[in-house]
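Labels A, B, C and D are assigned to the chains in the order they are written; within every chain, residues are numbered from 1.
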Amino acid sequence: MSTPVATRPFAVAGVARAARVRRYGLWLAAAVVLLLLPQSVRTGTAIAVMNQMGIAVIFALSFNMLLGQGGMLSFGHAVYFGLGGFIAAHVLNMAGRGAIYLPVPLLPLVGGLGGLAFAALFGSFSTRRAGTVFSMISLGVAELMAASSLIFDKFFGGEEGITTNRSKAPLLLGLEFTRDRQVYYLIAFWLFVATLAMYAFSRTPVGRMANAVRDNPERAEFVGYSQHRVRFVSFCAAGFFAGIAGGLFAVNYEILTAENMGLNASGAVLLMAYIGGIGAFVGPILGAVVFTFLQSMLSDYTGMWLLYLGILFLATVLFVPMGLAGLLMLHAPVWRARRVGRLLGPYVLTGALGFVAAVGIIGLLEMVHFVAAGRTGTRRLFWLVVAPRTLMPWLGFAALVVAGAVGVRWTGPRAVAAFAEASRPGRP
Amino acid sequence: MTPAIELSDVRKSFGATPIIRGVSLAIEAGTRQALIGPNGAGKSTLFNLITGKYPVTSGRIRVKGAAVTDLAPYEINRRGLARSFQVTNIFTRMSVFENIRCAVLWSAGYRYSFWHRISAARAVNERAETVLEQLNLTARRDVPAGVLSYAEQRALEIGITIAGGADVILLDEPTAGMSRSETEHVVGLIRQITAGKTLLMVEHDMSVVFDLADRIAVLVYGEVIAHDTPERIRANAAVQEAYLGVPQGGVA
Amino acid sequence: MFQLIFFSILNGLVYGMLLFMLSSGLTLIFGMMGVLNFAHASFYMLGAYVAFTVGLHLGFWPALVIAPVVVGLLGALVERQGLRRVHRFGHIAELIFTFGVAILVEEIVQLVWGRPAKSYQVPAALDFPLFRVMSSSFPAYKAFMLVVAVAIFAFIFVILTRTRAGLIIQASLTHPQMVAMLGHNVPRVFMIVFGIGSALAALAGVIAGPVLGTFPGMAQVLGSIVFVVVVIGGLGSLSGAFVASLLIGIVQTFAVAMDVSVGGALAAMGVHVNTAGALHDLWRVTIAQVAPILPYVLLVLTLILRPTGLFGTRET
Amino acid sequence: MFRPTSALVFAVVVALLAGLASSATPADPIRIAYIDPLSGPFAATGENGLNQFKYATEALNKGGGVLGRQLEIVPLDNKVSPQESLIQLKKVIGDGIPFVFQGNSSGVAHAISDAVQKHNERDAGNRVLYLNYSAVDPALTNEKCHFWHFRFDAHADMKMAALTDVIAANKSVKKMYIIGQDYSFGKAVAEGAVSMLGKKRPDIQIVGNELHPIGKVKDFSPYVQKIVASGADAVITGNWGADMIALAKAANDGGLKVPFYTYYAASDGVTAAIGAAGIDRIRLVHESHPGNPNPPKALSDYLTGYRKLHPQNDVNQPRIHTGLNMLAQAIKRAGTTDVDKVAAALEGAEFTNLSGDQLVMRREDHQLQMPVYISVHTNKNIKHDLDASGFGLALEQKIEREKATQPTTCKMQRPS
């Protein structure tokens, strides 16, 4: 921003070309990585988790069309994911019976249209209002749908949900979707397309106006836009992409249950988007990947993974409200100025001390869990075997917490100062 | 010729309290006019009624001959009437350029489009750049509007108002809180951007009012007590009374 | 039939008054701070658990006092250390923060007290049927719940209308900025109100724990219904919350007692629908089955048709 | 603004994926997945089940394991959600774990069973076996049966047959009220009760047949009032978990003193919550001897040993011991962990369980044939109490295997 204005006309063509190369380059790189990823993994679990991530990323991005870009905090976004999924599952079943012709690769589109239809229905009244009232309506709609799922047994299949079978649908170009690896490519394709489309949406007139309405709905009305209508369009678009994610879910898991539409699913997507950062387009991508990673890996190691996730979430809200992506974004000037090297020392030191404290906290929590569960004996924690019913491990982990915390208090400000120094504009 | 703005017996009460007590006023097209009056006279309320922010209690409002009485702000705006706010009212998290661009979009015919790339909307972008230059904000183009200085925000406020090319412009205290030199700059800006258009402004700085306005309306306790050229307003007894509180006895 | 109606009214009252205990605190907090506190029901749960633990050592009656105090202090701490920090990021950030607190409290409760439901029992002194009407009895403990709830209502009423602190709080409900201008330490008032609200929720937990069960999901079970009460009653309106609590309590209790299905009701009115169609589930369903969703229908309708609620004067 | 951040995020994402790709290790022990709730409202049940699995596994491992290999239980949390279960199932398949135990909720069981069948048909080289230790919807071994599903618990109709026998013998029961959770299991209970009572005691009037949303009802008092008002003199319920606790409490408070015939009104906090109010009133149908009075020695030792490890919990599902041991023996007989061969070895397998009963895995539908027990909630002569509450279950009646059996409509298809 300190660039003198006068240089702009001369530099602009070159900068624009470079920017374009880098931007399309990134999309291209993403496509290549998506294509090659399955080749690099050995286990089916990794494929399964990546499929889950792909669906979560689309869902989280669609959620952020509401929260990050439109300023609408929805507690019921999973409704559109779920309904899109249910409709896709029913259509897949019909295709399996031969009642209609629809190959599997097009199914997410069906889910998307389903999500869109219901978003248009519920959005027509809920987007009349913004802020807390909107949030409350979304909560009410979510609870309503959750309850309706018990009533409309035929459509929602009760507690058991609707199961379907992707290998019974007609083939398109001979593409089969029996193994997870095959489904991976389908998800990767839709992930790429949907992400591109959502990115493009944020760069359209109505996408921009969504930002404007988020910032200042009143003013938007005085430049010719109905805030209700702008929110409605964003809401429908978000419902559409959530429905695509739901359709992919139907293909991947071949089951949909009412809980896909429930409050917990809606809460999870909020966590993903927020931890990743709602201020940047890429935030929810990061959030969804991190969340799914933690969810699938952490839950194998500890029954309290939700506790850790909750702590991570609260810490984000309190200390890094811009999210992980926002945190990275803060470093963009440093990156540009090629001064990342200067931060390495203080960051590694603070990070290491923070890690020590975290190990201590996790150790203490796990031991509390152990004792509270009424267990006796020993258990493995990190690299140690500890006996939580003796004093020593408590002292040890407490010492780690204290040492780490004291250390961070000491090095933290230095790291912040180093950051401030490095991000100050000017010649290196 | 149809007036740009025409109020007939407009009334507005909040609860039982009448704020606007029957205002009839016609603003001729192509003129610059000012609305003045003591604090609490209802000037901002009148603006809010004309622009559709509040519904009227009774009475009728026309803009360029068309009835707008019960229309929403955006519908009135689309008829070519734009306003600024007394308290700065901008899109704080968006860049200065985006602020202006959003204000251009509707008038450029993009409506709720999600099939156009905004960066390819040449006419919109050129118009936004032009407005930025007029406002002298080109250097601050990519800065989030929320971090601009107060004077810059006031300039942006006016920029958002005029960017859509409305030909009836309402400015609510455009120079409030500005230094002498900043005020002069803004007056020049207003003069430039309202050339050939209709302007109605609320303003407390009388030098600005008498400098810019072709005609002045005086609002006191929700009623227009005078609407005339600056010279005649200066001499108007009722206006003197309203401002000074003492009848200028003996002159008549 | 009389017996069913009589006991339905009593049960509806008890349930409604319990909702009121929760919603009164939430309403106070919302009214003053504009924060819809997602974690409110979590403090209710904490109240039950703390009371359970205290009760093991000291008995029910000390727990009745100690648990709300402990939880109230905790609530004040959450406000002071957490909510106040995110306040500057706006209401959405606050909402998200309280959402996070709700998740965390539920996990902490499971960490500390374990996952199984706790056997938190009605105190022996109140464990007898108060009276019998025909074959049903009404437990003394439920009468005690009613008494406590009425006492709280009276207490809040007196505080709000007869004390200076109450006047400040009431003024803050309607004109928060003005109150700050008058020189009152609004952040401190916020903290105190948040603490008191949490304590009220905890008190509700203490007395509801033995009846509704003390288990880690108990906050989630009541969480959204309390929102419904507060919204329907009118955000920030105590009397609205009171009326809405009783309304929801009685409506839900009565709906359970009614076995009429929609199709049946229509048939009784002479309208016959094709029960074999795609919507056949809709006609088959009885009012008893939809009872749990009625509050949410009311919530959405209220928000659409009258966002200020029954008694509220302002929107969010 | 877009570029550096996106590139950084991109790098982080790729790094995470790389970490993911390099995780997972090959294993020497025979791994057995356990998919049940380990967090959320039903975690208590799932965690207690897991502990029982570990307890049973330890005994097997102390005896040298199977085929010289140790058994390892791999716990996976599903929050009683069919959807989460399938997510976990994908990991199980991906990690090459051949055996899956699951029990809580028939809704979950249907999802897993269906997914296992589809997967096994598509991927013959990497099959999994679903061992159902507790989900009792009869459909799983009837119209929905398949080769890779085995059930080690008596299904709802077998249990209902026993319950209705007891009810039929109780001449004071004239008006029955049925209340249950609104899902497949609750419906199966209600249907079974209506049809069987209709045959055995046509004079009993069903005065109420109610389904309530599962896990959503806060206060059962209104339901209890309805039961009272209906004049019922007995109640049948399949409620479990929090719904059972709340129903029992409301019944206590509302003065509803009629006998309850239940499936799950014991242990995991329920027994403690019912307390004195349920004495001689709550009856429960179970697949095992309740431990009181005069328990078989093997069972008694097993219960005592578990209580030592877990002072607050009970072995409420001895079928876990049954299922695990039957699997171990089948692996031994098959001499391999190949799923199809182990499944074949399980068909028709016999086993003597802790209660000393002779069980047989029926080939036709993979439903374990076993006697069922009716017991009553009491605090008299309790050697093995539940929830460490002093209350427990005492045996009232045993229905022998031959009588407890039910016909099946299953047409088993075996892989060729």
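As a working rule, a residue touches a chain if its C-beta (ideal position, glycine included) is under 8 Å from a C-beta of that chain, and two chains touch if they have at least 3 such contacts.
A quick note: this is a predicted structure, and the numbers were derived from the prediction, not measured.
Listing every chain that touches subunit C and subunit D alike gives A. Relative to subunit A, the chain whose mean Cα position lies farthest away is B. More C-beta pairs in contact connect the chains of A-D than those of the other pair, out of A-D and A-B. Centre-to-centre separation of subunit B and subunit C, using mean CA positions: 48 Å.
Annotation: 35 Å between the Cα-based centres of subunit A and subunit D.
Here the spacing of subunit A and subunit B, counted between their Cα centres, is 43 Å.
Subunit B and subunit D, compared by their mean Cα positions, are separated by 73 Å.
Multi-chain contact residues of subunit A (touching two or more other chains): 147, 150, 304, 306, 373-374.
Within subunit B, not a single residue touches two or more of the remaining chains. Looking at subunit C, residues 110, 114, 289, 292 sit in touch with two or more other chains. Chain contacts here follow an irregular pattern that is not a line, a ring, a star or a complete set. Taken pair by pair, the chains that touch are A-B, A-C, A-D, C-D. For subunit C in complex with subunit D, the touching residues are 1, 3-4, 7-8, 11-12, 14-15, 110, 114-119, 121, 129, 132, 135-137, 139, 141-142, 210-213, 215-217, 220-222, 225, 252-254, 256-257, 288-289, 292. Remark: subunit A residues 1, 5, 200-201, 203-209, 211-212, 214-216, 218-226, 229-230, 233, 237 touch subunit B in the complex. Contact residues of subunit A toward subunit C in the complex are 67, 71, 73, 125, 128-129, 131-133, 135-137, 139-141, 143-144, 147-148, 150-155, 263, 267, 270, 274, 304, 306-307, 309-311, 313-314, 317-318, 321, 365, 368-369, 372-374. For subunit B in complex with subunit A, the residues that touch the partner chain are 51, 53, 72-74, 77-78, 82-83, 85, 89-94, 98, 101-103, 105-107, 110-119, 121, 138-139, 142-143, 160-161, 163-164.
Interface of subunit D with subunit C (complex): residues 39-41, 43-44, 47-48, 182, 210-213, 215-219, 221-223, 225-226, 228-229, 231, 242, 245-246, 249, 253-256, 268-269, 272-273, 275, 312, 387, 389.
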